[in-house]
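Labels A, B, C, D and E are assigned to the chains in the order they are written; within every chain, residues are numbered from 1.
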Amino acid sequence: QAALDGVMKNKLIKIAVPTDFPPYGFVGVDLKPQGLDVDMANYIGSKLGVKVELVPVTSANRIPYLQTKKADLVISTLGKNAEREAVIDFTAAYSPFFQAVYAPKSMTITGFADLAGKSVAVTRGAIEDQELTKVAPPTADIKRFEDNNTTVSAFVSGQSQAIATGVSVADNMIKRNPQLGAEFKVLLKDSPNFIGVAKGEDALRLKVNEIIAAAKTSGDIDAMAKKWLGRPAGTLP
Amino acid sequence: MVDFSLWDIVRNLLLAARWTVALSLIAFIGGGLVGLALLVARTARWPGAETLVSGYVQLFQGTPLLMQLFLAYFGLALFGLETSAWTAAAVALTLYTSAFLVEIWRGCVAAVPKGQWEAAQSLALSFGEQLRYVVLPQATRIAIAPTVGFLVQVVKGTALASVIGFVELTKAGTMITNATFAPFLVYSCVALMYFALCFPVSLYARTLEKKFHANH
Amino acid sequence: MPTTERTIVDIQQLRKSYGSNEVLKGIDLQVKAGEVIAIIGKSGSGKSTLLRCINGLEEFQAGALTVDDKPLLHKNAAAMRELRQHVGMIFQNFNLFPHLSVGRNVMLAPSLVKKTGSAEGAERARQLLARVGLGEKFDAFPDQLSGGQQQRVAIARALAMQPSVLLCDEITSALDPELVGEVLRVVESLAEEGMTLLMVTHEMGFARKVSDRVIFMHQGRVHEMGPPDKLFGSPETPELQQFLSSIH
Amino acid sequence: MSIELDFWAVLAQWPLLVKGVVWTLGLTAISAVIGLVVGTLCAWARSSGPLWLRWLVGAYVELIRNTPFIVQLFFVFFGLPAAGVKLTPETASVIAMVVNLGAYAAEIIRAGIQATPKGQIEAAASLALSRVQTFVHVVLPPALKKVWPALTSQIIIVMLGSAVCGQISTQELSYAANLIQSRNFRAFEAFIVATAIYLLLSIGVRGLLNWAGPRFFFGGRR
Amino acid sequence: MPTTERTIVDIQQLRKSYGSNEVLKGIDLQVKAGEVIAIIGKSGSGKSTLLRCINGLEEFQAGALTVDDKPLLHKNAAAMRELRQHVGMIFQNFNLFPHLSVGRNVMLAPSLVKKTGSAEGAERARQLLARVGLGEKFDAFPDQLSGGQQQRVAIARALAMQPSVLLCDEITSALDPELVGEVLRVVESLAEEGMTLLMVTHEMGFARKVSDRVIFMHQGRVHEMGPPDKLFGSPETPELQQFLSSIH
């Protein structure tokens, strides 16, 4: 219950960010994290008037960091669902996240039914995994990989025929691997990202919500989305 | 997005390798001390020691190191014990390493002929003296090679410390891969660096082993 | 031979089992100071086990054993150490400490147990090594010596603790035939100087020549006992007769 | 700190866990069998093969033993396709595990072979056994017996190491645990359950191998 | 004794060195079928090396060796296997295969080398074990047997290949004195049945009793050779005289 008090008292907020998920969180040549989630973390810190300590996390340990108070917030492309809400609390959404299926131009995929009998790489446990699992025909071979990069590597190296991933991730991938001839096939889900707060830390959650709401009105959210995703944030819940 | 030159990759990996080395040293020193204590307890046949130590060995050899690290860092915090990443790494790696070392060393002690114990005993040496002056010096000779060999496993095992936030060699590799989309290049460098760290150690272990067999 | 009337080892109704296998079935034996006793008998008759009981390497289940009037108490580590200072033992396989030089082998126990100073200890070790004919081997390592030499070092090592009783368990059986003599000569000189000796041996000629008393063990019991001339010359029991005939 | 642990949220997903256990055991079993064969062949090659073969096997063994398993796995899965070989994640996992275990087993078995008393080989030679017959019937069984505990430990290490195969979408136990936790964020519960299962598996596998070794791999009195 | 005139082992000017150390310095020896030869001599005189050369365990540098008129060719693995089917060897340390039961120890070589069927092999193994007095030990394992029993199994194992010549290298020296007799009795019965035997032994009484010819080796040479009564009764060379006196 006292997370916000602690933050204000120590003048320090610890925020968990990804380092394996460009353009949301990845490292520069100095191995320092950068990306949309990192900017968002710094933005919240500055609005609170406290220093930010970035904690690089993986998908396996980001929630334990929050639960054991080793991090105050998790800004790590978290999507929301009912099961997850039983464990942590979510603030308002701060960035858009579109997931889509990509495949080589030579392959005709106009709807999910066309995925039948094809292998699709996806990052395990990500929202696109859950979505795809729901909508793909049972004969689709969904291959779930540890992290976003492994997923992309699997597709790039030809270990899967299609890939379901974030739009901005895919853009980046296609730019770097033109030989694949991959293109957008079908939109999977529009699933914006939320910030995670430990269960019951309402004061902190409301405070962050305030900051997000203000940032939406001021256009800061859109600016961040433009910078990293190349398009404005659009309407967020 | 970000353009890493080969030098950037190598430089960052080398910097991260420092943590690999530091964690290995912690694991080895901590594991060595605890392992020795367990060995003595077991060799002295303290009541219950045998069961306890073999349970300990079973537990820490029978579960993934990744999980041990995870539970040492986050699990203890669940019970209100605030552990820093360094403490957690030291604890988990020590437990893990000692569980293996005590097994390795037990074999070495067992390899000292029973007659050596008996001769020392019949010369009125106390148990501690038998161990310290007669058995351990001989067991050490046998133990050096497999112990140094195990060091290699420890070095590779520290890769898992990334789960509690250490950016050591493997983790740095993953992070760079995620920014460069060049897994082969980066993992080749990572593999090479592990090889450069471990191979001399393996080689040294092998020379020791040969030397031991030669003047045996 | 300088035997006195003081009893130095007193064994009463000693019984020892390994699991359900009773190996010593009630041994009574009194050894006088200065006495030389040879123990003979078939393989498995319990000779080694008896010696090992006397210096506490094996625990026994029933009976009493005193050395120099001090009872052997297994549970008491201090008492055991005390006892072992009075009882030396030499093994078939020498059991020298391979990582220590010959000199250090001899000096180790006195320096640890009796806190002998290192100069004094070295001096004494040299004397003892000279006594067993190895004066110049002080700095050699065990694996540089022949079996006979190693066994003589083992004797010097045991003597360094100035024991009142020396136990010898087939100390020549691991030696090449040519090397047996040099070890036996050392043992003989010990006997002459009045050391109390209990030795298990297969060297019947030697036993006959050196010992004051011979004990024939059979199936965990002292089956026949007496002066060597009588035991070897006119064995009474058929078992001893058979044993003696089998080994010639 | 009060966190309500809800193990049911994890255990309710038992079909995933069961599948994970089956895969973990399956991968381990297959790679143990093939890995031991590879290890035995390499051990033989390294102790009595021609010189070039000794070097080759030596290089293989050193390469594997001095690099992390995960790097080896990535090379098989992502590297071989570049050379035109496409593998399913499961095949890639088995190959990586076999290659890994083979190298370790080679060293372990070689140590056992070297401990063979010379007299045994001479006795076999004087009974007119050929070199291969001597190796198979006289040298190998006691060598395996001698190093069986070490082999058992290595197989368990490989089993625990197979946890990283989940990263390339092989559906073994830690994959299942991760999948569950990433869906419902019950990370503690998922990992504790997985750890407990791993412990049971390694106790079980050790017991099984201790039992099976003397029966099927080396004779002798039990 | 059923000695014939057929030469079964023919050794001509055999020379063997370990590095620069010449261990056999030109050995000439012809053994007739059915002959029993005892080889005696000091430790290091080359007795074992000579036996080991005969069944090809050691390569020699010069000279010729034929068994049953077939020359020993080291480079030819098939020829070596063929030769070894004619030459059996029994070792000081028995060298039984510890992972196989006694029966399987005996059956292994016939089944692999002669492709004997398993029923037939087992039958024959039982006969051989009965012959060495171990009929009931078929399913026992070597470590359950005494040394004497193990050595008798080793003999049965060698006999299972039906060799024309049997080489025995100090086959009783690792045995407790009481167990020596049972092994020697088996060897004696072999000798009586006409097996060609070359045995290195320290048991002079046995050598004298059983052998047709005794060879005294000294420093890598056959130093004296002749019928046992002559060699033991009136040794000619001072070396043999000294050797014989040293061992009594």
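Just so we're on the same page, contacts are C-beta pairs under 8 Å (C-beta built on N, C-alpha and C of every residue); 3 or more make two chains touch, one makes a residue touch a chain.
These numbers were taken from a predicted model, which means no experiment stands behind them.
What is the minimum number of touch steps required to go from subunit C to subunit D?
Steps on the shortest route: 2.
Which neighbours do subunit B and subunit C have in common?
Output, common partners of subunit B and subunit C: nil, no chain qualifies.
Calculate how many whole Å lie between the centre of subunit B and the centre of subunit D, each centre taken as the average of the chain's C-alpha atoms.
Centre-to-centre distance between subunit B and subunit D: 20 Å.
Rounded to a whole Å, what is the gap between the Cα centroids of subunit A and subunit D?
About 36 Å, centre to centre.
Just give me the whole-number Å value for how far the CA centre of subunit A lies from that of subunit E.
About 82 Å separates the centre of subunit A from that of subunit E.
Any chance you could list the residues of subunit A touching two or more other chains?
In subunit A, 60-61, 64, 67-69, 147, 153 touch at least two other chains.
Spell out, as numbers or ranges, the residues of subunit E touching 2 or more other chains.
Residues of subunit E never touch two or more of the other chains.
By residue number and range, which residues of subunit D touch two or more other chains?
Residues 1, 3, 78, 82, 187-188 of subunit D each touch two or more of the other chains.
Run through the chains and report each pair that touches.
A-B, A-D, B-C, B-D, C-E, D-E
Which of the residues in subunit B come into contact with subunit A in the complex?
Spelled out, the residues of subunit B in touch with subunit A are 1-5, 8, 12, 15-16, 70, 74, 77-78, 162-165, 167, 172, 174-179, 181, 183.
Quick check: in the complex, which residue numbers of subunit B touch subunit C?
Residues of subunit B touching subunit C: 113, 115-116, 118-127, 129, 133-134, 137-138, 141.
Can you tell me which positions in subunit C touch subunit E when the two form their complex?
Where subunit C meets subunit E, its residues are 42-43, 176-178, 202, 246-247.
For the complex, which residues does subunit D have touching subunit E?
Those in contact with subunit E are residues 117, 119-120, 122-131, 133, 137-138, 141-142, 145, 218-221.
Within their complex, state which residues of subunit A touch subunit D.
It comes out as residues 59-61, 63-64, 67-69, 81, 83-84, 86-88, 121, 124-126, 129-130, 143-147, 150, 153-154, 157-159, 199.
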